[in-house]
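Below, each structure is written out as structure tokens.
Paired with chain B in one complex and with chain C in the other, chain A is shared by the two complexes that follow.
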Partner chain A sequence: MGGISLNYLLRRLLVFFLTLWVAATLIFIIPRLAPGDPIAAMVARLSYQAGFVENSGAIIEGWKERFGLNDPVYVQYFRYLGGLLQGDLGFSMARFPSTVTELVGRALPWTIGLVGVATAIFFVVGNLFGALLAWNKTPRLVKVLIPMSMIFTSIPPLLAGLLLSYTFAFLLGWFPQTYSYGFGMTPGLTLEFIANVIHHGFLPAMAIVIVTFGYWALGMRGMMVTIEGEDYMILAQAKGLKPFYVLYRYMIRNAILPQMTALAVSIGTLVNGVVLVEVIFNYNGMGTLIVTALREQDFGLIQGTSFILIVTSALAVLIIDLSYPLIDPRISLEGR
Partner chain B sequence: MADDRKVKDAPVAGGTKKAGVLNRFDNPWLNWKFLAGTGILGILFFLIFLGYQLWDTNLALSARAPLNLPPLGFENWRGQTGIPEHPLGTENSGRDMLALWIVGTPRTIFVGVIAATVGMLAGIVLGFMAGFLGGVFDDVIRLAVDIAITIPSLLVLIVIQAVLGRVDLVTMALLISLFSWATPTRYIRAQVLSMRESGYVQMARLSGVPARDIMFKEIMPNLLPYLSASYIGNMQGAIISAVGLEVLGFGPQRIPSLGVAIFFSIEAGALFRNMWWWWGIPTVTLTVVFIALLLINLGLDEIANPRLRKAS
Partner chain C sequence: MEKQMENGSDRVVLKVEKLRIHYATPQGDVIAVSDISFNLYEGETLGLVGESGCGKSTTAYGILQLVQPPGYIVNGSIEVDGTEVLNLSEEELRKFRWTGLSLIPQGAMNSLNPTMRVKDQIIDVIESHEGEKQSKEQLRDRIYGLFQNVGLPNRIYDMYPHELSGGMKQRVCIAMGVALNPTVVIADEATSALDVVVQRIVAQTLVKVKDEIGVSLIVIGHDMGLLAQIVDRIAVMYAGKMVEIAPVENIYAEPLHPYTRLLIDSIPSIKERKPLKITEGITHDPRNPPSGCIFRLRCPFAWEHCAEVEPAPIDADYKHEVACHLYDERFEERRANAFATFANP
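Moving on, here comes the complex of A and B:
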């Protein structure tokens, strides 16, 4: 490799591990800051639903012993961190024999797939549109049409999801309204199944794309405008290089680097949006899992799902940050 | 033309104002995006104000109206048509949609304003400390910002709310503001860093002006357009978080805001029952609010950055 300076690498790794530690600690502390006792509250809810729960006192004690809540807080904390390190997220309270890791393992690939595809689309489309907006050779019509397509920029993905779901799934019936693949399909690497997954994932992905790509277009345009004033642009034109070559090698190449940094910064917001889009489409990823857990008051599952999504986001940021110097050769020269 | 604009808007104290007096038609604040955005919000607030005067807002409580009526001129799946007493229809617990709109819209914006203001104030203090004082402050604040930006705030808010249950709007706004300081801090730090090296700051420093005065009397006024653009962006983010939490069911339930109305409609399967007015009215209203905020944000960006103005 050789492109990444050691300091940069260490700082990124430090941020990554600190993020995981802060998230884990927050998720550990928050329930314990709340007034009352989570187990007692859970049993109270059970008896509210069932009318009466026999031996509720004994149940509370039993659960407390089971979850180790009678130990001092710092013992609980280190046991919890130790468990996380081994990938042990505890049990789901509502679906007891299932562990959180199992449930998360089933949901996570769908969410990563959805986010990954949507990100690839909005990043490419957004930057391309932004570059075309600023380029002086772009046809007039395109320069008028692009800003019009950006009307939904900045509205929450969940609202876009509602509008798309109603129009294209309910009214027109072009796309299915819920889930990530058809009822009765057997997941597998068949052509039919993949087509089905794309059909189901199209609207959720579009809900994210139509509200996001405008930001990237605007950012790209801003960057391009700055670059247009640079001396090397005048030189490139004076050399008589083809306009398209100048656009690609001189303008986009330079403008894309800050966009990569911006992408790393926006991952957190992106994940927020995806969680809610999944809820709208009942897409069987992490967002839907977390909402199911909320509905079932399954606190262990809520904590586990949140933590794993935070880890995934932090990992995505780390990967983008580490690939950035590989794209920009200047970073390794600056060293530091 | 673009060149003399650049000179006029250079960060010289009072420079922009003077330029406006010299040629009032070249005033950067006469930006169509900024004006359109503020105009849309103005009309919206005027309509809400009219609504409070002319409409019975108690109808936003449950069981005040017949259930599931469509808006005037439409028919629902039971064949009922809209009635003039409830021109925008009603939902399945007997709330009048017009009253709900009048009451709910300002509540949603209110959460955004509080969360954005608290986050912004924290961002200004932290951003200036990091950018201007540098050293250990900068290291610690940068690290905290990097961590806070990486964590998707909604997930931590979900954990908090799962413990707290349903909360009132102010608590919700304050919870959201716990996560709305990082982006402004990062942005302000970058701006302060670039301004710190400019001539007039160096001059002030050489003249022995105290650091606090340089920060708030020299740099701050020149940052104002950037700060206001960042504030609007922060408000968008805060409203997005608030609507997200509400759609997950953590909002005030007795008098719903727009996000809570969407939560109710999803829970009741309004999407499948073709009760488009139930989720549609809040959704379209929020969409309009967000488009207005985006226009204001873009306008302020162009006001702050003459280069962008040239390009548009």
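Moving on, here comes the complex of A and C:
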């Protein structure tokens, strides 16, 4: 019977943590390969703004000491790993004394909400459209309209974001142009606030959905056509089952399995798109935070945000992986 | 007279007339089934045999209204218990399916939906035709009954198809096929994918279930030996034509059509290896069949008349028809000579 054995679960978790360790290590190394000294750069920026900073040399030394940048690299590395284990991502250098955990904690829920809702929409819409494209009982008009709705599939999310923002926020003014909720609002579980959040999140989510769902629709259509040729489809027809029942219980149910696999694979790419869309809409999520961190050469924040994005992607893939036995009875995750 | 009793009743449950099915290709239509007519009697088991590509499966799918594009039915009439199947609307046809005509499919290995439990695949056919008025327990007992008929253990009720062996899947298909007591069941090479031992057991199951429920059965296959043991009559097809249809004792004792004769002569026995007799002559292009008799290019007895006139089915015996000019009374002398030379080549 389909199921997950403890053995498999442990092995899969081991791979998960291994991924995180490799990611953490790469994230530690790569910024240190980049030229420039973040603290010197920051002090230079301060002097540029203020015209002059007293004792700049002492400040640089003091901060380097404070951030531990004078220690040997391996000491920094183990201190960093130790911090990660305790959920401590260090300080943001540009916004000292804010900690990275604090900044990420504020941004992450917004991104997860945005990506989660957008993914749910494009996955459902894409697969439904794809299924309808392949189904032989779909009205002709629908089969003409669906491909027309997919014209945005070939443009990057960045452009889609600009296009939507310009049309619906700037020209028509139907939606706000920036941020995840109105500036006068107090966050809380009130209907008003939720409506406001949906209003603000609509365009960013749509920017992701319109460029993505066509891809899923085409993939689904291909799978549906393959399923149509299966022997059990002929038997389903011979059995005289109701057409709609055959569509969802025989066709979509089987065609959706490879789509789930594809979803797990595409989560990384999806995050890329989200970062850009967030920047365009000045949405206060992880994407905007990452870009800010890059612009300010904020080592701590770059490391922290990248790491958290990798954790969430890896977690999403882990969840999809572990849910396979639930959707495909032929797969049972039992370790050898 | 006694033989007639053995062959069951004279009530026709399935009447196929002038059924013609083409496959559309860019180079013209391939004639897969060419004006086939036959009757299936109540309680009868009819075997449909022929080479690969002779149109036996296409005939079955034509009767079931399941010809897949680019195939299409050109003309013909299919009557089941007086209902003309070809005139049914889509919804009427859906309701007629499985209660009038059911199918035991060719590839039982892949004929079950891999993501549904065995029980659900039988329940769905019951519920789509009888409504959802039966309780879970009633359905379960009914399906257990079906399992018992085909010799399946009750434990597979909650299983998925991939957990069953090939023989079990085939039995599930048989159980499913008779779940609604259909008028006619068509078994399309139901045993071809199985090994010899399982083949025989499944074939016997098929006959047993058929006798218990009293349906009429069409069995399609190419294993004449296996078919001989389970069918009442055999219909022999060649290149989309039905060349002979006869009670099984007749066809083995004295095959009439030259093609059947060559086919039966080619069955090896345990004492003697025999070469395949049907090797001479060429097979024709199915888009452009020869004039007259379809078999004349390979027939050792063909003469000018065969190229000019297409042979019509001739009643040779009770429930025995043959489509060959040799059995025309006018050519009786020719027949005697032909078979004399053939017996001593």
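In this text, the second predicted complex is superposed on the first by the 294 of 336 C-alpha atoms of A that agree within 3 Å, B and C clash if a C-alpha of one lies under 4 Å from a C-alpha of the other, contacts with A are read in each partner's own complex, and residues count from 1 in each chain.
The working rule: a contact is a pair of C-beta atoms (placed from the backbone, for glycine too) under 8 Å apart; a residue touches a chain by one contact, two chains touch by 3 or more.
Please read these numbers as outputs of a predicted model, since none were measured by experiment.
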item: Which of chain B and chain C A:A118 touches, first, second, both or neither; value: neither
item: First (chain B), second (chain C), both or neither touched by A:L263; value: neither
item: Residues of chain A touched, compared between chain B and chain C (which is higher); value: B
item: Partner chain(s) touched by A:V104 [first = chain B, second = chain C, both, neither]; value: neither
item: Which superposed partner A:G240 touches (first chain B, second chain C, both, neither); value: second
item: Chain B versus chain C as contact partner of A:R249, first or second or both or neither; value: second
item: Partner chain in contact with A:L84 - chain B first, chain C second, else both or neither; value: neither
item: Contacts of A:V291 with chain B and chain C, given as first, second, both or neither; value: first
item: Sites on chain A touched by chain C in the complex; value: 1-2, 230-232, 234-243, 245, 249-250, 253-254, 257, 328-330
item: Chain B - residues contacting chain A, complex; value: 143, 146-147, 149-156, 158-160, 162-164, 186, 236-237, 240-241, 243-244, 247-249, 262, 266, 271-272, 274, 276, 279-280, 283, 286-287, 290-291, 293-294, 297-298, 305, 307-308, 310-311
item: Complex interface listing, chain C residues touching chain A; value: 64, 66, 68, 93-99, 102-103, 105-107, 109-117, 124-125, 128-129, 160, 162-163, 173, 176
item: Residues of chain A defined as touching chain B within the complex; value: 14-15, 18-19, 22-23, 26-27, 30-31, 33-34, 38, 133-134, 151-156, 158-159, 162-163, 165-166, 170, 177, 218, 221-222, 225-226, 229, 265, 267-273, 275-276, 279-280, 290-291, 294, 297, 299, 302-303, 305-306, 309-310, 313-314, 317
